[in-house]
Structure formats: structure tokens, C-alpha cells
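In the two complexes below, subunit A is the common chain; its partner is subunit B in one and subunit C in the other.
Moving on to the complex of A and B:
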């Protein structure tokens, strides 16, 4: 009897039917198979050093993806995360004390998030359009602040990213803290619950949920996560780079979608996003070890995304 | 918002934002650089945005039916590579054109099938298709600089029958055709009805899936056409087409008053594309550099969208 119930539960997780968490089981399976295959074929994959590298490569994408997911849950999309990352590294590389530049990064993120959120909630601009135009503005400012890569980053940032704390590799701490913060925001708070409710249907307002305010907060949180990712990257490369963030808008959407979060809103899970991020990072890392050209990697990334997307059940046609 | 209840003001807010932006830009150019107000110069600049204009013709169809196509960049890149790499060297140029258009149709069909039949998210599907195509072309090109484009394409591009650049004539012709399709054909009415409400369109007997698939196939075809014009215009192969073209095509469509599922006009987006040409002229003649251009462009799109959003709310 109990075996039967367990069986239906497992079937429910696998097919993700009627689930608020989306189809995260399948990417997990793909990831595990991929991981085992990589460990078998690439001799350097399963070494401690490489796994630590993997954590450092995955950390910025994980931060951006968690933020992106908050916005996707409320049927939004934030294309401006890439330019926020670039602008963060540019601001940090300005020749000014860290006590000025670090708060400036977060003020910038707050401003970008507010513009996105206000445009979407108050002026009914489509999220793609709002965040796309903000991308242009932020990228333009980035190129004014730092036309070419260079400059120096405050030592405090580099230490926070590259050092060790109590003998633990710093990027690993970033990953764990990001997951904990994401878990608290998405599955452990009223805010997260409201995001699911708003994304799930038009009735959230009827139940007294302040949908505008929560959507606005989701955009602000997304920009803040992107700014953190920018700080992390700035610390890693120890300079500012106006183009470092370009890839992150697409990659974060890919990671979120891979993890089973639906772009129609209301369905998704943190574990899915974490799995999606790790899958993408592992793919890049593993194929680098196997000397697969980066162009083929791009194509394979697209094919995996297509495959995972094509099997997800959905009702609406279109966006 | 009560001011907007006045009939004259309400009629004024129904004009696509692109018309307003176009007139403002034209006025600015007239005041700042009267010497540039020369049909020959403006024609040359307009010729540069023809690829964007053709992509927009497909994009507006897809956006009108509540979908989106981000794969144009990949298609254009592939077409450019096929023509400039010499892979199809020994073949008649007309056959090359045919192959390129078939590729556009094929990519459009894949998009349409996944979006319309499999009901996958259009953003993800077309993005993924674009990523696959870009990866494929870069792998095939393998870092080598691509070769030259056959003279046939360059001559076609530089032709000026009756003094008007040939690409411009081609673009205007396509736009007229598209506007006739949207206003006169059953397909056009299907697109408009899906745009206003997919659910009621479905219950009124509109084949929603088939129409979305067809819209995507046409968009893929338009991307291939744009790729041909783009390749002829730069006359050499290139492995770098920024995503700007795709993003600008969305921006021009929105500027033209077409927003996901609302309005299906051709001429609003058409003028939107001309705005991009004019914006380029104005900012270049004012000596504004690339960063400033990005900022101004972003501000204009955002303001236009805010204007449109407020307007939909009032109506």
C-alpha cells in the first residue's frame, strides 16, 4: 500500500503534472548521467581542484539565475542582468575608495530594478521591452565609465572572492550562501509564496496580495543578485570589463528554464534552478576538459535547452 | 488621466509612437544639420536599415500573434556564411538564393512547430535555435576569416533604378505585400483575432496553432531575405552580427505601436525602422559616440513603451 503511494508520488515528481515545482527531476537525471560520463571520460574532471574551479565558475551564474527566477515566477523576464553585471565591474574598477564604490554598485542595482519594476507594474510595459531598453541605457553608461577592460578592484572584494575563510574556499561559501538566501526568499518567506500566487493566476489581487509591490520587489531583488554576481566576477578577474556580463542574460534564462521553471509564471523551484545552473556550468567545464571547441559548446547548449523545453507540458501558446 | 478623455487627445494617442519620434527626429535634423536633408544622403542611410526593415516585417507578424522570434540573428549569420564561404561556389546565384530561402523556411518551421504544436515558450525556443545556428556557423567557419561575396549580389545591392536604391524598392514592395496580406486576407484576420484574444479566437473557429506556425514560418523566410540583403550590403562574410539586429527589430515593432497581441499595422513598424536610420544620422552628425547612442536609443524605446502602456490602460 505505502509502496503504491510512494510509487505515485515518484511518478508525480517525474512527470511534474500538477506540480508547483516544475520538471526539475529530469534535468537532475541528465546532470547525474553527464557528471558520471564526464568523470569517466575526462581524467581531470573529478579532481578536487577542478570541482572547486567548477564552483567558482558556477557561482556568478547561480546568483544571476536565482534573481532571474524571482522575476520569471511573476511572468516577467529580466534581460538587463548582463548589463548590470558589466556596470557593477565598471563601477568597482573606478579609482575611488571601496567605501564609495561598493555602496554605489548597490544603489545602481536598486535604481535599475526600480526602473524595470515601475515600468512593468505602473506603466504596463512588457517586461522584455522594459528590460531591453534598460539594458541599452546601462550598457551605454558602462562604456562611458569603462570603455576598455582594465582598472583595479578594491582589495576587500578580491579577498572576499578569492581567499579562504576558516579553511573553506571562498567561492564555495558564495555558492552555499546564495542557495540559502534563494531558499529563504523563494520557499521560506511570504514574499516567495506571493510570487507563486501572482504568477499562478490573475486572482492573487482578489486575495489581498499586493501584486504590484511584490513584482517591483522581484525586479529589485533580481538586479541586486546581478550586482552581487558582478562583484564576484570583478573580484575574480581583478579588473573592470564592459563586456563581461553580455552572456549572462541568455545563460540565466537558460539555467532557469532548464530547471523546470515555466516562463508563463507560477511554476518553478530553487532546486531546479540550482540543478540548471550546475548543468550548464558542468557542460562548459567538462567540454573544456575534453577540448571541445567553444562554438560546438554553444550549439550543444542550445540543443539541450530545446530538448528540455520541448518536453515540458504547457497550456498557452506563444511567449 | 481625465485629460485623455478628450476626443482629440485620445485620437492623438492612438497614433503609433514611431510617427511622433520620426517627425521629432526629422525636425531635429532640419534644425541642426540642414545640409543633411538631401534625398540622396537620406536614401543611402535608409538603405542601411533595409535588413532590419525586412526582419521587422516578419517580427510584427509574430508579435501580433502573441509570440516572438529571436532567431533572426542566427538565420542571417547562416545565410551570410553560406554565400561568403564559397561552399556553394560553383552554383548559380539564383539557386544559392533559393537554398538560403529554403533554410529560412526550415528554421521558421522548426520554430513554428515547437511554439505552435509543442506549445513551448517562444522566447526560449527561438533563443535556443539562434544559439544552435550561431554555434554551428562559428564551428564551420572555425575562426577563419570568411571570403568575398559574389559580384552578382553586390551589383544587385548597388543598383539604383530611377535613382532609388534597389534594396529600398525591395523593402517597400515587401511591406506593401505584407500590409495587403494583413488587411485583405483571411490569414491576416486570423492573426488579428489571435492578437486580441487567443481564447475567443479558438472558440470562434480560428485555427490558432496553424496560424502561429504560419506566422513563424513567414518570419523565418523574412529573416533569410534580410540575410541576403545584409550579405550583399557588407559585401564580405562576417561571423559577427550582434544581437542588436534582433533587439532592434523588436524595438522598432514596439515603436510602431504593435505590442504583444495588439494591432497589426505594417506602416507603424516601417516608420519605426526609419526612425532608427534617422536616429543614426542625427547622432552621428552631432558627434555622439557609441555609448551615448545606446543610452539615447534605450531612453526612446522606454519612453515610447511607457507612452503606449499608459494608453492601453486608459483605453
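Moving on to the complex of A and C:
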């Protein structure tokens, strides 16, 4: 009898592990413990001002990570998000009206997403190789458009990022809108369901799911989210910067993996990605408040990525 | 008569107040060679930022490990803060050459309710929003080693990058008799200091027949500078002079010429121990414009003065004359590594700790 109960329990655990949403509750637990520890050790952590700062600091990573998650769900990786961010800030800093530069950013994102998607789905290039190549191309164009940081960002962008709407701090609105959009895409649409199905096995096509089209759309959506992150960052720094996106490819993959999304595809959740992003941002913010060197911060982020990836066997991920 | 006396008394009081005010601002010696910007008499108010200790001072550094100079500038700031027992906490945040991180760092310093913030901006816009927020929150902000787009800061100490570049440019113009081909080794792309130094060079070259035949960013680093210089040399070793925006790159370029057994052309340097050693050893034609990492300490001294309630000018400049080889001999320290920069206010113990060869 007891063996039967134990068996049921194990089955329950296995079932939870294999659930589509992944292990998002573990990072949530870590985040809660970390948050309480930070509030106890860093006097200024839990203040309203710092929490608003945290929202502004987390917003660009959250945007990129939601996009990255869409690609990871279909067993891909997008390393070009960083260069899309840099190129977005570069385009926005061109001396041209906002009616030109803002649409140009999204046209660029669409083009990058299409190239990535076509390379992966039509030419069967490994996602890492495809997006790394596109990274080089986008970075080269960025250096042509804005070789050094500078320029002026359209006032509408800086207002949208730094201003307030009905007394609400704009970065908070960005965070909420990003989460709602991500939720709709991932958990509230047929597209999201298809991504889980495609990532879950090789049989999606047999159920009438157009894998190629959905994978291509995932790359396009990922680039679009990266472009939005670039727009947010351009508003924050009030200029274009050819190198500002450098860290975001690794950081977004870390946030997604940290949130329980399996790099092997098919398993993950938006709540996990949000938690992963908040954890990383809280780590940077908290360590600043605790006066920890930025080099130690970088090393700790690397260790976290290593720990998270180590849980996901290389053979399963297919890297 | 009484009215006249009253007017005289009021006038005397006003004049005295003005004189005392001016004297207070002038009394504060931030660093040798740092003087109020000519033509700009704006000052902080007496006691405007006065606070009792212990003080919490924050610093947002654009990139501590960008090169050996930036490392020492951070050491100078920390050492100056340690000297003053009224500074209870000195928080140094490193933006690690990231504009986004610098914005976040300044926000985090404001959230920690520091009593003063020292900012060395990465680019002319990377710190603007943070500076304006801090000043709006009543926190005095001292800016040095970099430009800002805003003028909302409390005190600004500008090292005169344009002056620095012009001193070097003028030296080459003089050495080359106003005619010839030069190479240009630039610093960190987009850094305001690099932009300004280059402007100074262009100013010096105006109306001359000196041509820039090769130009690239050595990022103020020995390794990158050496790669750039080696590429230039292998492409065409014929050059009449070299304008180097920083001494680590100068040393690297001198090493390239020595490696190929070639004569080193006139080359500009900087107040760096490694460069001084090579300069003295080779006796080459050079000049070392002054741009001391002691500015890190000057920023802390400005913060201390403001929190003591002293009056400071809003803007200071740091544009001393260039150093010749005699000055280099006077400062050269063979017992210290090549990574020490001058002028410095580090104690002998700190110099030995960070740079001692033994």
C-alpha cells in the first residue's frame, strides 16, 4: 500500500516536472528568500524609490527575455537580440523625425527576425550559428549608423520611458504591458500553444501545426521585443549607443533558463521568465546597494547561468 | 550725514560679504592646477549643503578597469575618502563602460540617500538624467573626468581635454615645422575626453600642412594601442610624428618601433611612470600633457568642502602646461611599476601597496 502511495507521489512529482510550465516555483522561492534577505541587509532595498528604480532597470531585460523565451520554446536561441537593441538605439538617434525613426526600428526588427527565421527553418542552419552571423551583420550596420555613442533621441521616446501617465511611473507601465503582451502570446493564443507543441516533439506537423511558419514568427516576435527594449534603453540614456546591447543576449538566456524554461524547448512559462528577469535585476540592484564590485556581479551572473544550464543536460538541450 | 554713513556701512558690509564669499570659494584647493573657470563666477551658497558627519558619499565611475589610469583614479578617490574620518561610507559603483549601468548606478546611489554624488560620465548623456534627479533630490553632484549634456550639476571639474590635445598637437606642429604626416592613436570611442582631445589636435593642425595619414582607437590601452600601431607600421612605416591620446598607447607604439629596430619619431606622451622610464632611457622628442588621476581625489575634496558648508565655484578647469623631460626625471619612480600616473596624491604606503615592484 505504502509503495503504491509512494509511487503516486513520485508520479506526481514527475508529472509536475514534466508540466509545460517548468520549474518556475523554485526561482520564485529563491527570489522571495533573496528579496527578504536584501530587505534585511540593505536598508534602502525595500523603499518605494528603489523598487521603482528596479522596475526601470528590469524593464529592458524583461522585454528581451520574453522574446527570447518564444524562441527557446521552439528549441532555438537568438544571440542577435543584443545587436538589435544597439541598432535600435542607433536608428533612433539619427537626426530624423520620430515618424521616420520609430517605424524604421520595427522594419529593421522585422527584417532581422525574418533572416533568422528563414535561416533556421528553410536552410536548417543551427540557431546559434544563424543568429551569431546576423549579430555580426547588425553590429556592422550599427557601427556605420552610429560609430560612437551620441545623437539625440526623439522627445516622444524619452517621455514614454521617463515620464508619468496618470501619475504612474512609465517604466512600470512598460513592465505591465510587456507582461500582458507576453501572457497573451504565450499562454493566451493559438500561436503560444503551437510553440509549446513544436518544442515538445517532432510530431507537431502531423497534427496540422505549421512548424516552419510558427518558428519564423517566433524569431520575428523575438526581434520585435528586442527592438522595444532598444527603444526603452534609448529613452533611458537619451542617446544612441553602438554597444549598449552587448550583455543582453547572455542575460536574456540566463533569465529565461533561470525561470525554468527548458533550453530543449517545449517547457516554460511567462511567470518563470518574469521571475528570472526580476531575480537578475534584483541581484544587480541589491549588490549595488551592498556595494559589491561590478566584476563580482558579472562573475556571479556567470555562475548562475552555469548552475542553471548544468541542471539541463547538454544532450537533452542539443547544444 | 547719518544717511551717508548708513549707505557707507551697508556698502562696506556688502563688499565684505562679497570678498569673504569670494575668498571662501578661492580658499578651497581641490588640486594643484585646478582653478575656477575664467569668466564663470557662479558659486554654491555658503552652507548650502552643510551636513554633520558621518557622511555617505557615492561615486559613479564610468569604468574602473577601462585602463590603468582609471584604476588609479578610483584608488585616489578611495584613498582621499579614507583620509577623512567624517566620511563614514564611500560607495564606489563601477558602470563597467555601460551607459545603461551608469544610469542604474546613479539611481541606486540616490535610493541610498547618499550625501553627495561624484560622477565621471561615460558619454555626454549617460549621466544627465541621474544628475538632474540627484540635484532635484537635494544631493550635490560633482562631475569630473567627462562631459555632461546638462549643466544642473553642482560642481564641475573639467580636465580640459581640448587643451590636453592641443598641447600635444602644438608640440608636433613645432617639431615638424608645420609640415608632415602623422598617425593618430585615439582613446575610448565616444568617451568625451577622447572627443575633446581630438578637437584640440584639430585646432592645433589648423592652417598647417600636417596630414593625418592613419587613425584608429587604441582605447587608451597598451595591448590595443600596440595592435593599432603595429598595423600602421606594417602598412607604411614612413611617419613624421605620432599623436597619441594616452601614455599606455605611447609606450606600446615606442615598443613597436624598437621591435623593428626603427627610429622613434616625435611622439606625444602623458604623465605615466612607464612612459617616463622609456622617455628618459631613449631621450626621444616628446611632451607629457598633465592629466593626473588625482582628479579622483579632487572630486572627493569637492564633496567634503560642500558638506562642510564651504562655497565652491560651479565650474573649474584643469589646464596646466605640458611636462618636459626634466619634469619627467623629477617624478620618475624606478621602484614602482609602469602603471603609476602623475600627479598623484596617493600616500607612499598606497603607492607601494598598489604599484611597488618588491
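Quick note on the criterion: the second predicted complex is superposed on the first by the 293 of 319 C-alpha atoms of A that agree within 3 Å, B and C clash if a C-alpha of one lies under 4 Å from a C-alpha of the other, contacts with A are read in each partner's own complex, and residues count from 1 in each chain.
One rule holds for everything that comes next: a residue touches a chain if its C-beta (ideal position, glycine included) is under 8 Å from a C-beta of that chain, and two chains touch if they have at least 3 such contacts.
Since the model is a prediction, treat every value here as computed from it, not as a measurement.
With both structures placed on the common chain, the touch criterion links A:302 to subunit B but leaves subunit C unconnected. After overlaying the two complexes on the shared chain, residue contacts for A:107 are found with neither subunit B nor subunit C. Contacts of A:285 after superposition: subunit C is touched, whereas subunit B is not reached. Of the two partner chains, subunit C is the only one touched by A:53; subunit B is not.
Contact with subunit B, but none with subunit C, is seen for A:264 once the two complexes are overlaid on the shared chain. When subunit A is checked against subunit B and against subunit C, the one touching more of its residues turns out to be B.
By the touch criterion stated above, A:37 is placed in contact with neither subunit B nor subunit C. Common to the subunit B-facing and subunit C-facing surfaces of subunit A are residues 147, 293, 295, 298. Residue ranges of subunit A in contact with subunit C, taken from their complex: 44, 47, 49-50, 53, 56-57, 60, 147-150, 162, 233, 236-239, 241, 243-244, 246-247, 284-285, 288-289, 291, 293-295, 298.
Those residues of subunit A that touch subunit B in the shared complex are 77, 115, 119, 123-126, 128-130, 132-144, 147, 250, 253-254, 257, 262-264, 293, 295-303, 305-306, 309-310, 312, 314-319. Residues 65-68, 114-116, 118-125, 127-132, 134-136, 138-139, 142, 198, 208-209, 212, 247, 250-251, 254, 259-260, 290-299, 301-302, 305-306, 308-310, 312-313 of subunit B are the ones that touch subunit A when the two sit in their complex.
Within the complex, the subunit C residues that touch subunit A are 64-65, 91-101, 103-105, 107-108, 110-113, 122-126, 128-129, 149, 189-190, 195.
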